[in-house]
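Can you keep this structure in mind? I'll have questions shortly.
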Amino acid sequence: MSAPPSTFEEEGSHPLKRFWELGPAGWDRTLTSPFVLIPFFILAALVPLALQFVEDNSAWIGAQFWTLILANCAMFACLAVALNLVVGYAGLLNLGFIAFFGIGTYAYALVASDQIHQHYPLWAAVLVVIVITLAFALVVGVPALRLRGDYLAIVTLGFGLIMRNLIIELDRPPVLAGHQIGPDSLNLTGGTNGIHGVAPFNLPTRLPLLGEVPHYRMYYWIFVGFLALSIYAMLRWRHTRTGRAWVAIREDELAARAMGVNTFKYRLLAFSTSAVMAGIVGMIDAAFLFNAFPSPNFDVQTTVMVFIMMILGGLGSLPGAILGAIAFTVPPFLLQKFVLYKYLVISVLLIAVMVLRPEGLLGTVSIRPRRTFGGTLELLSTESAAEEGEPPPVSTADAAKIEAASGEIVTPEEKT
Amino acid sequence: MGKPRFLVFAALAGVVLAACGGTAGTGNAANKPTKVQIACEGPFTGDQASIGAGALQACQLAVSDFNKAGGVSGTAVTLVVWDDQHNAQTAGTFQAQGISDPTVLGIVGPMNSGVVLGTIQGLQNASPPLPFVSESASNVKVTDQGFSVAHRVNARDDAQGPADAKFMVSQGAKKVFVMDAKSDYSTGLADQTQTALKTANIPYVRESATPGQKDFTTIVSKIKASGADWVYFADEGPEAAPLVTAMKQGNLLIGQNIQFLGTDGEEDPTIITNSQGAYVGAYATNITADPAGLTASAAQSFVTEFKAKYDITKAGPFYGSAYQATQVLLQAIKNSPVNNGKISRSDVISHLGSDTFNTIFGQVKFDSKGDVQGGGIYVYKAVGTSMVVQKQVS
Amino acid sequence: MAYFLQQLVNGLEVGSLYALIALGYTLIYGILELLNFAHGDVFMVGAFLGAGVAALLVHNEVAAIPGGLVVGLMLLLAMAGAGGLGVGIERVAYRPLRNANRLAPLITAIGVSLFLESAVQVWVSPAPVLVPSNALVPQFNLGLGSVETPLTGALLFVIAIGLMVVLDVFIFRTRFGSAMRATAQDREAATFMGIDVDRVIMVTFFVASALAGLGGVLFGLRYANIDFFMGYLLGIKAFTAAVIGGIGNIRGAMVGGLLLGVFESLTAGFISTQFTDTFVFLALIAVLLIRPQGLFGQPLTDRA
């Protein structure tokens, strides 16, 4: 278990002290260099084989258990990376994030089980999952992303609740105003029991050199592989025009718009890419577990779990997302006492990290002070709208003084 | 699906029998198992914690009682706790621990049908397969798929649903207002009851409550407008008190101008308290073994034992059946042969299938599918401040 | 027709509850532009404080304390307690982030909400708790013909309307109200004008949270059962009501709350109880698409 995190620190010939002195941004840079990531993923892929070796040669039992825990970690890391794209990179608060994971799960389950008697080949199933999650992302995103940030939060939250409602109720034909829609036999989602008997991906169970590969190990590798792929894509993306546009929007939207960045387009891109990534993770999960299950897929608490994984590591930080996923996936399996207090601990940590170190442990997004602005208590004034602007980076404590002195131009009159 | 109230009838004799049960076991002091583990799995935290917490306590109590009485040929049984949080993925991960460890001989649980259905294949595929005895998974598919690992001590939806419908019909129901609470347990049961009502040509209306719902004024207006003379609410319990309170405020008085039938979790005197008496006169069905064979004083001592350790008002609807399920599993283990200090799960499965077990609810035996034989469904009525057994309906 | 009117009355009743909570959302959002996710949970804590007082005084029958007095004490303590909690939340979770990225206080708000829920679940009760309403308030129905509502339901409606008027007067007719308005308009400028912005924000949180606490007690008296999770969905719906009415607008919150309550009650009454929540949130999305500033809101700068 200790293998993945320790590779972070022990990698490279730098003394730990020098590494420590680099600071969070430096850590993030070091940890995302190919010299760290490539060995890390190779090691991560070897872990289950090492566990199996230990089990075969000692009294210790638990290779499967630990591989499954690590598969959970890898899955949550994938989700945290996807959430990082929409929240950390693009600064959009998507509280219905986990619903896209659920949509992917159910989309795959529907075309790979007896639920509606469809058994698509893998490539077609992947296509279906992508198209369906993308369609949902656009249906929510296109209207919601035109709204102000806080409205996005509430609309996505509402979207998650709608999806949960639909998944649970669509195990029988809906009866609206006394009229039944569809035949009696209609059962789309399996209701609270979910869809069972979902076919796994059609993959070889024997591989050259490795021999028999158990199901759980195969899916651990798939999760790790998808994680590596996502991280690679994110790192590449960071330095493209798109990546810079996202950062520009997050840091100062007004300025980005002034520079001619089509903010809506880039936000929608981030929102839907992240949704599709979550959908694919959901699809892998459905194949991994042979079922689509409603309980964790649409709970806001699960979204919050992924949020804290991402935030603990740091907004915008990819190694941070992996670290967070490990930190919050492993303890509940080991400490049963912890479970009762899980959400207490998580919530206190969430608040503490945000208040004391908003950047997270490895954060790269500086949450810098911004110009204060008024609210919108409208009965009072017609000049209610205010825009968010960014002064040069200064410490929070000095912000007010500097701003007062700088005499910025305020644009309270701006309206559409 | 045994219930706290039922324990009043349960006997210490049952506990004692459980402890000394399975004397036919081949285990002896010279060949005792080196390590015996069982797992208790259920949603001990999370959205279903209200049904899981009490079940875990009962399971812990049953194991400690069993160990006090000598364990398996002198070896104390270790209880592993798997909190699946009503999540098939978490459940599967925990179960992997048992699947690869041959000293984990069985599972008490999983409690939610959805979790069982999501993980049963993995348990069956293990070598040897890892058996489970559920205390609350009522969906018909749990045992109907023909997996040898599947056992449950609670009644199936398709036993309780028709029995409930039959009871309402026998009481002269003309139109039934059927409600579920959007949970694993309640939707399946309400579906079964609805189908049985349809077969009996009794008109019905189907509506849903939301888990945690408190404001039932809209639904009460609907009940009134529907002209139903019976309200049937399949629920785990928490939504019943606000519903009957709202019914009373809307002048739907249970036992006077409307009848009410609840299920399992609603066979609970807490609802009488929490509805400030509005629940009095309501019926609730529950499955139990025949209480006649048990002596009341011994049952009291079991309840006393539970009360001394835990808060019985928070025990939830399944703590009785959890104790029973644990007893069943432990006796099957005890009856299994010990070879070189090891007990094989295959033997536990065959003993689960063939043996008769002494439990706090009397003797139980599983049929070929893993459903409990001879279980009865009983009707209770809220009288005064307690739930009083009326009769057996099936 | 009687059925329609009855569902309308049911809707107005639950709508006043939404309105009461929506007022708090709108006040805080108006001053700070902060979506206080924890507000629904402050409401829940208020309900539990009220239930605690009632449990102490009703079960402890040393002397027969008149029901009215107990209700008064419940309201007083719950409002003070919830108000204090609100101020505490602001101090711990929001003030340090006042100048930070918008995302930060939103995330702490989710954290606070989760904390309050799990704290009550772990330390108070995971199961529903009884508020002995029969012993506290007279149980009879008010109504015309077959359309009726319990006294507590009518009370809820009257108190919600009354408080909206009081709040309106407070904000428009008092000195402190103008300080609040100034802070809402431009916090910096307000500081230059000698307004103690921290104090204004503190009072806003106190008032908003006390309203939620009051709503909690009334909820307990009306429905007699409360649990740790009830603030979550109710809070989201109240926020939805505030958004529909036009966030930051007090009358909007009131109208939005009542409208949402009636909408919910009518869809449940005439279409389906299975999909009520789906309809509610679809309505929210529809309103935001057609009129993003809400029914009563001023057109806002669209930041998209």
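Here the chain labels run A, B and C in written order, and each chain numbers its own residues starting at 1.
The rule is simple: a contact is a pair of C-beta atoms (placed from the backbone, for glycine too) under 8 Å apart; a residue touches a chain by one contact, two chains touch by 3 or more.
What you are looking at is a predicted structure, and each value in this text was computed from that prediction instead of being measured.
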Reference chain A; chain at largest CA-centroid distance: B
Closest chain to global C-alpha mean, per-chain Cα centroids: A
Cα-centroid distance, chain A relative to chain C, in whole angstrom: 31
Computed distance of Cα centres, chain C from chain B, in Å: 38
Whole-Å gap between the CA centroids of chain A and chain B: 37
Per-residue overlap in chain C, given as positions that touch at least 2 other chains: 233, 274, 277
Junction residues of chain A - those touching two or more other chains: 169, 175, 340, 342
Chain B: positions in contact with at least two other chains: 208
Chain A to chain B touching residues, read off their complex: 55, 61-65, 67-69, 72, 168-169, 171-172, 175, 191-194, 196, 216, 285, 289-291, 293-296, 299, 332-333, 336, 339-340, 342
Touching residues on chain C, where the partner in the complex is chain A: 27, 29-33, 35, 92-93, 96-108, 110-115, 117-119, 122, 168, 171-172, 180-181, 183-188, 192, 232-233, 236, 239-240, 243, 246-251, 270-272, 274-275, 277-278, 280-282, 284-285, 288-289, 292, 297-304
Footprint of chain C on chain B - complex, ascending: 49-50, 53, 207-210, 212, 214-215, 217-219, 221-222, 224-225, 238, 241-242, 245-246, 249, 251, 270, 273-277, 313-314
List of chain A residues in touch with chain C within their complex: 87, 91, 93, 95, 143-151, 153-155, 157-159, 161-162, 165-166, 169, 174-177, 253, 263-264, 267, 300-301, 304, 307, 311, 315, 340-344, 346-348, 350-351, 354-355, 358, 365, 367-388, 396, 399-400, 403-404, 410, 412, 414-416
Chain A contact footprint on chain B (complex, rising order): 44-45, 47, 81, 83, 85-90, 92-94, 96-97, 99-101, 113-115, 117-118, 121, 139, 141, 182-184, 187-188, 191, 206, 208
